[in-house]
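Here come two complexes built around chain A, the first alongside chain B, the second alongside chain C.
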Partner chain A sequence: MTKAITLAISLIAIPASADWQINMNEGVTALSREIFDLHMLIFWICVVIGVAVFGVMFYSIFKFRKSKGAVSEHWHENTTVEVVWTVIPSIILIAMAIPATATLMDMYDTSEADVEIQVTGYQWKWRYQYLDEDIDFFSNLATSREEITNEAAKNPNYLLEVDNPLVIPVNKKVRFLITSNDVIHSWWVPNFAVKKDAIPGFVNESWVKVEEPGVYRGQCTELCGKEHGFMPVVVEVKAEADYEQWVADQKAMKLAMAGEASKEFSMDELIAQGEGVYNMSCAGCHQPNGQGIPGAFPAITGSTIATGEMDKHIDIIVNGKSGTAMQAFKEQLSAVDIAAVVTYQRNAFGNSMGDFIQPSAIQK
Partner chain B sequence: MREWIRAFVGVFFAFLGVQSEADRRYDFEKGRFSVFAVAGLILTFVFLSIVYGLVQLALIYVQ
Partner chain C sequence: MATVDVDLPHVKDEDPHHHGPAKGLGRWLYTTNHKDIGSMYLIFSLCMFMIGGTMALIIRAELFQPGLQLVEPNFFNQMTTMHGLIMVFGAVMPAFVGLANWMIPMQVGAPDMALPRMNNWSFWILPFAFLILLSSLFMPGGAPNFGWTFYAPLSTTYAPESVTFFIFGVHIMGASSIMGAINIIATILNMRAPGMTLLKMPLFVWTWLITAFLLIAVMPVLAGVVTMMLMDIHFGTSFFNAAGGGDPVLFQHVFWFFGHPEVYIMILPAFGIISEIIPTFARKRLFGYASMVYAVASIALLSFVVWAHHMFTVGMPLVGEVFFMFATMLIAVPTGVKVFNWVATMFRGSLSFETPMLFALAFVVLFTIGGFSGLMLAIAPADFQYHDTYFVVAHFHYVLVPGAIFSIMAATYYWLPKWTGHQLNETMGKLHFWLSFVGVNITFFPMHFVGLAGMPRRIPDYALQFADFNSMASVGAFIFGFSQLVFIYNVIQNVRVGEKATA
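Entry: the complex of A and B
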């Protein structure tokens, strides 16, 4: 019955949302539509109550206005009326709680998942670990610095694009275990009706079963520092076979990368690759020009570490420095990337150490 | 007996947050604290049972 009513109501609401939308998303999962229906049902209950209460109020104000000679009553209490206006709202609240509880129970039922993925928030990127497969990667913002600084036109997915999207299969129950490595973040994909805080030391759970392949976008939705607006979520939902292929590719890539690490690189190759790594993973703090931000992030230009002993330089990147925003990059970057960014920092931004390091020499 | 019934009615309306001034005055002047305390405990238990029952009802609705 309530389903039929909300369906009818949401049909009326659709044409209005064609061009611009102020209502919440209906989303692309059975659960997100259930949440949407619940939201519409309760919204219309509120509208009816609002119209009734304010209707009576405005009517009374107008009808019994002073200029018409209205004189106010002076009675103190009326137990019957008071009981009525206490009991009716209680009944309405309880009636609304019943479907709401049903939906909540569904949202919290993370049992019998087909795929399990740990989602970890970092300043300022997401890490996805597939618990049943040996897949583990970071998802960084892919929007170019030029677009951010208004030096290039902004593309339609501005700040909503990443290098490695999360990939999940269609029509499978995917369970997310959401946590954080540093501060509180929040993983939000509006079309999935999933929005869960990522809290260090805690694991929050959520799940999704998407019915249509496609690309769905979201954002970090808990203020988490300087680049909070620059750590979007992109989820690619693939058909079953495509997903299997992606998993196989992912594993092949991992093998290939292990092979890469034992190759010999020239200094120029390392610097070229290092520039890309730096802009993607370091420039947010140390700045694209390597000057850092005084008082917060040290400059790389003339840094005693970046122009000092090679081992110390590698160490601060691999292991980070605890208690500071300088995080350990050993999980995030391959040996090749670390060798490349070290070499780049030593030979760019005015530094000219002239030395370089091979990936095979990086101890993680 | 009448005293107990009055106490229960008084506590019940306190739960609801509604009470006439005359009844309130009567309760405070004629009522005994111990009777109200017992009535309060019993009605608290009843209230909890109702909440528990409603939750169970909602859970049935889920299945």
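Entry: the complex of A and C
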């Protein structure tokens, strides 16, 4: 019944920002425009060939009908014609391949970058590490569960919004080092014409030099499991001064966070914070109700870990479990978040261990 | 000779070899008749087409509107995976083998296939392969959910437990295909009637001969790659596990070394069918018979050196990108020759437009559109924008649905009267054609647009700007899906009653 109602709501709530875009975006870099031009060139070549071929075909269909008394001729070979229509397409293709190769060479030239950022794919979030600065953060989907399940109206950036966007400076060459922590992902921002697979054990390179400040959105484009469709990429391109300010802010925030970890928290504070952490980092697999998915992801309710020894519970969250989808969260979550989510899991979903732990006791 | 009084009981009672086929289920289980086996292949393929089609409709129903309405993302991924596997290995390939079984012995003047018992076996293991695959839907953790391309390590370290059943199923399908291919090659090379030289064979026979060689070349590669997965999952090897010193990209190289010839396995016999139908209804000999044969052979050879165009974004070296781009673009030349030849066959012919011809003409137009998007995808720099978006989905559905599937339907309308002795209902055939033609285009043409606008493939939910074209595609999918019921009804009516066929 509830399913029927949500379906009805979703059918009535016609999306406001829907449009009828039919072509690729030109993008905001010199390279993306070059690629767009190649795309249009090959498209028009196809259109011209198509018009010629289908023109002759439909002419034949209308002109040489048996019902109009057409009588078929007997020829069935003509070497000259056959040579001509083999050679001409070959020449067109070679002509096309030359500019395409030149563009490829530009795409592969990652030298002399001003800023270097390592991009790491995780199931199902992106991690950005600035190699020259002490900046390292995760970028998660920010769209609410209610919007996805049609219980709330969808905002214009539905599924294309994150909590912490990647921030880069305008008019600087930014080099991306792209890799993965688990399965293969692919990092794509259409307006940059940058798409590169994030592969565990490999580091791929790509680069961008954006000409206009703004917010650019993309998605993971390689099937990476259950939440593949919920793994957006958002890049904020800032003017030089704004970028410097952002870098300074990030560093200040990091210091403040370090101070948090030594504070004392009450159990209620930890549970309140833990719920948020759980919904962001755990609910994707273990489900919002803690029941997991039988055969795929274990339940938190009554689990031997969440109702067992505290140390083992912390260990599996901090270090993960190799060979399974359970990843190590020591890099992703602060000591406060880990203490909070451990406390929450032990005291929610029908678990009532009644114990809790302070962030200062978390050994990462 | 003094053996006159020897008792010969089998002469007296009902020996099947002398008195027609056995009755009941036994006839179908033990048959070595190429026509019976061909029929079973075709019926099996139709069942799989319906199951895979139902999965497609579940996918399109979920994608009708943004937001999650009907299925969970994990089940959605199972549907996309199973839809792909079933359509490729269960619907298209067995349909072509079925057509080959029916037509090749008759077209080369052979009494049956060269290896009739193996023919029986290669069909009968197929239903079990798909039962194993489909049963994984009911296992804990669900069916395979890693896409029909099953990229490691998503399909190894991170796979549901049913992946082992999937591997077993793929092995059986592969064995079936290899046996089918051996049989076809043996029949064509050894059993042609006197005077039937190779360059006199009908094009359907030629395209199947080349397809069969492709099958023998690449099915063992597929078997190899799933075996490597099996080893990684159960026996502690690390072929594809980077943490153990393995290489996830190796998987893609091996898979696509199988996968690219595989897509030609699904289209070359279609070229053969179309090359039979167009001359018939144009009442004019096929233009450029020899160049058609050479074109098919060169497409087949080129298919072995283009596999990495599926992997332009994995971070190949620049020279690799350039090589695979050039090689892929080359394929457009022989493919173009084929299309030009079909058009030249129609030029100054005397055309009529019965159902098989309608499907064949739609094939030429829509397959060519699929070829154009293929040419666009070959341009490596542009492929960085197209790769793994709905543009690719549009491309391969254009070559597989109005390509391979339409050719199979054209072949059914064209040859069914020969098989059953009954004329098909032409009105219903035309209704089926027009509904399918309109449905296919409403479904797949908008996918080009959402792909270019930036919608990735294999996602259960999407951003709002893709909503309009997605609803449109879903409506088209339901039109196309349900119009196949007209086809099924028409075929069943034909087999059971039907007007007697002339000529």
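Operating definition for what follows: the second predicted complex is superposed on the first by the 323 of 364 C-alpha atoms of A that agree within 3 Å, B and C clash if a C-alpha of one lies under 4 Å from a C-alpha of the other, contacts with A are read in each partner's own complex, and residues count from 1 in each chain.
We adopt the following convention: a residue touches a chain if its C-beta (ideal position, glycine included) is under 8 Å from a C-beta of that chain, and two chains touch if they have at least 3 such contacts.
These figures come from a predicted structure and were not determined experimentally.
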| item | value |
| --- | --- |
| Partner chain in contact with A:258 - chain B first, chain C second, else both or neither | neither |
| Touching partner for A:248 - first (chain B), second (chain C), both, neither | neither |
| First (chain B), second (chain C), both or neither touched by A:50 | second |
| Greater chain A contact set [chain C / chain B] | C |
| Which superposed partner A:98 touches (first chain B, second chain C, both, neither) | first |
| Which superposed partner A:23 touches (first chain B, second chain C, both, neither) | second |
| A:82 touches, of chain B and chain C: first, second, both or neither? | both |
| Chain B and chain C footprints on chain A, overlapping residues | 76-77, 82, 86, 97, 101, 105 |
| Residues of chain C touching chain A in the complex | 65-70, 73-74, 77, 139-142, 145-147, 151, 153-154, 157-158, 160-161, 242-243, 246-249, 282-291, 313-315, 318, 321-322, 325-326, 329-330, 332-333, 336-337, 339-340, 343-352, 361, 364-365, 368-369, 372, 375-376, 379-382, 384-385, 387-389, 448-449, 452-454, 456-465, 467-469 |
| Parts of chain A lying in touch with chain B, wherever the complex brings them together | 76-77, 79, 82-83, 86-87, 94, 97-99, 101-102, 105-106 |
| Contacting residues of chain A [partner chain C, same complex] | 3, 6-7, 10-11, 15-25, 34-35, 38-39, 42-43, 46, 49-50, 53-54, 56-57, 60-61, 64-67, 70-78, 81-82, 85-86, 89-90, 93, 96-97, 100-101, 103-105, 107-108, 123, 147-150, 154, 156-160, 182-184, 186, 188, 190, 193-197, 199-202, 204-205, 218-230, 293-296, 322-323, 325 |
| Partner chain A, residues of chain B touching it in the complex | 16-21, 54-55, 57-59, 61-62 |
